[in-house]
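Below is one structure, written out as structure tokens, with a few remarks after it.
Just so it is clear, A, B, C and D label the chains in written order, and each chain counts residues from 1 on its own.
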Amino acid sequence: MNKNIRTDLALEVRESFEQDSVEIKGVILKEEFDKKNDIRTSIVEIKDEAGAKAMERDIGKYITIEASKMNNSDEDYNKPLSKTINKYLKTLIENKEYNNVLVVGLGNRDVTPDALGPEVIDNLFITRHIINEFGDEFKSKNKLGNVSAISPGVMAQTGMEAVEIIKGIIKETKPDLIIVVDALASRSVKRLNTTVQLTNTGISPGSGVGNNRKAINKSSTGVDVIAIGVPTVVDAATIVSDTLTQYMEKFNYEENDIYQFINDINENAIFNMFVTPKDIDESIKRISFTISEALNSCFSTIS
Amino acid sequence: MNKNIRTDLALEVRESFEQDSVEIKGVILKEEFDKKNDIRTSIVEIKDEAGAKAMERDIGKYITIEASKMNNSDEDYNKPLSKTINKYLKTLIENKEYNNVLVVGLGNRDVTPDALGPEVIDNLFITRHIINEFGDEFKSKNKLGNVSAISPGVMAQTGMEAVEIIKGIIKETKPDLIIVVDALASRSVKRLNTTVQLTNTGISPGSGVGNNRKAINKSSTGVDVIAIGVPTVVDAATIVSDTLTQYMEKFNYEENDIYQFINDINENAIFNMFVTPKDIDESIKRISFTISEALNSCFSTIS
Amino acid sequence: MNKNIRTDLALEVRESFEQDSVEIKGVILKEEFDKKNDIRTSIVEIKDEAGAKAMERDIGKYITIEASKMNNSDEDYNKPLSKTINKYLKTLIENKEYNNVLVVGLGNRDVTPDALGPEVIDNLFITRHIINEFGDEFKSKNKLGNVSAISPGVMAQTGMEAVEIIKGIIKETKPDLIIVVDALASRSVKRLNTTVQLTNTGISPGSGVGNNRKAINKSSTGVDVIAIGVPTVVDAATIVSDTLTQYMEKFNYEENDIYQFINDINENAIFNMFVTPKDIDESIKRISFTISEALNSCFSTIS
Amino acid sequence: MNKNIRTDLALEVRESFEQDSVEIKGVILKEEFDKKNDIRTSIVEIKDEAGAKAMERDIGKYITIEASKMNNSDEDYNKPLSKTINKYLKTLIENKEYNNVLVVGLGNRDVTPDALGPEVIDNLFITRHIINEFGDEFKSKNKLGNVSAISPGVMAQTGMEAVEIIKGIIKETKPDLIIVVDALASRSVKRLNTTVQLTNTGISPGSGVGNNRKAINKSSTGVDVIAIGVPTVVDAATIVSDTLTQYMEKFNYEENDIYQFINDINENAIFNMFVTPKDIDESIKRISFTISEALNSCFSTIS
């Protein structure tokens, strides 16, 4: 069934295989659990083409941090979660020395569940212009990473693909690492605002909610790309077909029925709609702050 | 089935009766069609208790303006639509002389589909403070209505019911008409951002998306209340149960199956989610402007 | 000269007396200095009518916290400063038991230096609706104060005085303490975004920038009022006349020249203008967060 | 005196010459007056190096539209003013055929008087992505210009010069015309929100308020650049020195006194401050809409 669903989360693709236990060739799944903070982390590593084909994802690492508490308004939870994000971010950076980091906040500032990227940028500690003014000595003395950032906006606002804007900026400012932050689409309502995905394979903005944007990754930009994503919406067609599937499995009906039905739905224009929680504004505010903190503390020791 | 669905639109309740043609006792349905602008208007008038019971709505007038073009970005469409809203608004005002109008923009400014009310207030021509300063002669000379406005915010932001704030303000500023503007929940995706409902029965804020707020109407405030609503979201549980219903009707299954299934869904917490289009920011911006224009031109001739 | 200047800070009135050392009858001035965090606090207490007349301020306590570092973007500075605000806030609350606190964020959300109040509200922990739902046991178990909040907007947006809206809400929700947060006008550029004034005498919104709003204090509302203010603007006429005064004192000219000149300025409509720093957005964001933290930690132990 | 003042308006430089009537070599000044709408237009054309040196401005055309009514909230005034802007914009475009226009909204969205550029972008009709999807036939059939747009943000937000971002985008999307919209600094309070400057010489962002950004013009970008600017602030040091100058001229003092005094002021850190009106939010909202309308109607006939 995983062909018929739309998700940005590698973990959900992995889960869509009937026997969860089964070994998929070329794919390694590792799990870690922080009991104290109730944070579960799954690392899906796609090693080769076989794994990439099976997972319908690029070769690389996909780290999924699940923190159910992430969605409640407990201030004190921000620190351990941001520490965890910071920790796994560093496993993707490995021991590379990046001297010029461009952070990109994808999404539409004016649509609440899509504003995650821009709001992360708003809380970021920007240093490139300061370093340009005061020089490298100032930089190393203050242990600053060289950080610049942009919220390019969405195509309806700019008429341009995000990747066009980013590639242009790269040519001018020559970053050696791009960190892309974006709101994702999940298959499951349970995952909304409780999950952070980190990957070194970049991102295909809005793919999760049915848009077709060009990918932002090493092959399209020529620069290492780390993507940070949080599922904030579920595609409406997905939620309908998923609940329907549960129903039909319970009453064991034909797959054919479902396929045809999902087409009906799409004609019903549900498929230009997304599903999001009523308190999405509070979630976006809290989570964007947590991710900014993780990035700020990460950058101040990158180089 | 209409007991199981959540909608703020009287028209959708009317439609939920099997034989659309049938005469419902105590309910008069009138239709008008503006072919040139493709604007269809239905006036549902609930005359007595019998009709109120059948419709599960209060006695009063419900005017539903359907303008499919309302949702496309044609600037030129704003004028005829705002004229139409203005015209039917006046049929609710009848020939009463209101001398002090308070406009209330309900909803959460920070959640795009819920921001309709506050954005209408932002475009409103406010006059009460000017009249207080320059007096009634200035008012009549400039044919001004006495207009004040407030966006009280939602309970999660204020800790108060909208109706508590409004009743308090009424005690201080003594308006003789309250106009409440709010984003509504529709049963059907087709209706989103293409429909305006006007009613002289007031409003029960957020009822359409499953919140329980106290009603804002004549009996709760002691003042005439006209409500202007636009459906901007569909309740997620509703969209799932509706599409499922279509499916089951096609394969004629038991109603019992559906009831049980909808309960499953609610346990799945879908029922704290709403469905909204991806370009909701543009729709809210355009429609709030149209409604403001209708109100501005209406007030300047009220008194 | 202090008759000719506009300031919301009692401390600046005190300073406007020629010999700073002199004893003003009915006014007690106390100073405290936190060397570690470089926070200087002055407590001006006006004891009687004589002091009130001399200071042109109401009888009561005026606490001015000066923290020059407040205006730089050092995250770590937020905690000690918010602790200090919290501490002096409690000296104004004394040992009274408030069971229902209404926080009012005055000012215009759409004018950056005036958005302090609304932004403090945005970061506040609101509990009244939760306590209403889960009851007093839940409240005491979680050591919650009963907190509600509102950002009423400015008269140009609502057509109403802020005090009208607040008095109305008081009648409905019966708070026993009102905390008003507002952006103030200072006489001196040095004070902008580096000073917090706390007082138990309430506030006269916008007075500092030349508007005439009705006061929000115990006598106008019947409820205890504590005001928290931060100077974010200097009145343009003030800055011109002050710099001119320096100049003239240096070249010792006639006071008459100045009076006449300041009138010229006002005719030049400078007097509808305010002066604010270019990075006001960052200051407002940081300071509103600090004040919210102080209030949140204060309320959770009020009752 | 004009060496000591900061202004983005060529007209104010022209005016700073003692005898307004005098002929400046290499500079042509033309005036037009629309009596009906009370719109006065001055065209300053700098023909050669001599004029450029005298005016301290680049060779090119500077069109200043003065519309005192622009600053009052009369809705009906939007149309004639936007028509006027459109008309003079076309005199700068001359009969060139531009097929790919990039509009850049400079400034800080979060500082009200600096938000003009981003707010113009928000109201712009963006077509590039539509044309890319539906092709040139669609474009010519609908008489669309190819329009893309970006609000790059300010250096404190991005760590990058606006010109770096723009040059990068140019390399990717190859526009043949750049239109830059920015809030300007005026020397005179009277000019605030009542003046629009159009020029084919580009812009030096923020120069008017004392920042040092790299210029955005043909020589820096390799593309024709038209700049649209509206003065929304006066530099605080300028307002003080100007009012002081009036004063001193009245009492005829030494220029030396003034020079020294202005230095004092700058040390007083007034020079990081700007002056703006209290209702700046309404002005920005109204004027950005007017400029967007002018651009929208201009682009739909460019190519």
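Methods note: a contact is a pair of C-beta atoms (placed from the backbone, for glycine too) under 8 Å apart; a residue touches a chain by one contact, two chains touch by 3 or more.
The structure presented is a predicted model; accordingly, all values stated were derived computationally and were not measured.
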| item | value |
| --- | --- |
| Reference interface A-B: repeating pair among B-C, A-D or C-D with over half of contacts shared | C-D |
| Magnitude of the superposing rotation for chain A and chain D (Cα, nearest 5°) | 180 |
| Distance between chain centroids, defined by C-alpha means - chain B, chain D (Å) | 42 |
| Inter-chain centre distance, chain C versus chain D - centres from mean C-alpha coordinates, in Å | 36 |
| Chain B, residues touching no fewer than two other chains | 156 |
| Chain A partner contacts - residues on chain D that touch it in the complex | 121-122, 126-130, 147-153, 155-161, 164-165, 167-173 |
| Residues on chain A engaged by chain B in the complex (per definition of touch) | 108, 110-112, 156, 189-190, 209-211, 234, 236, 239-240, 243-244, 246-247, 251, 257, 261, 264-265, 268-270, 272-282 |
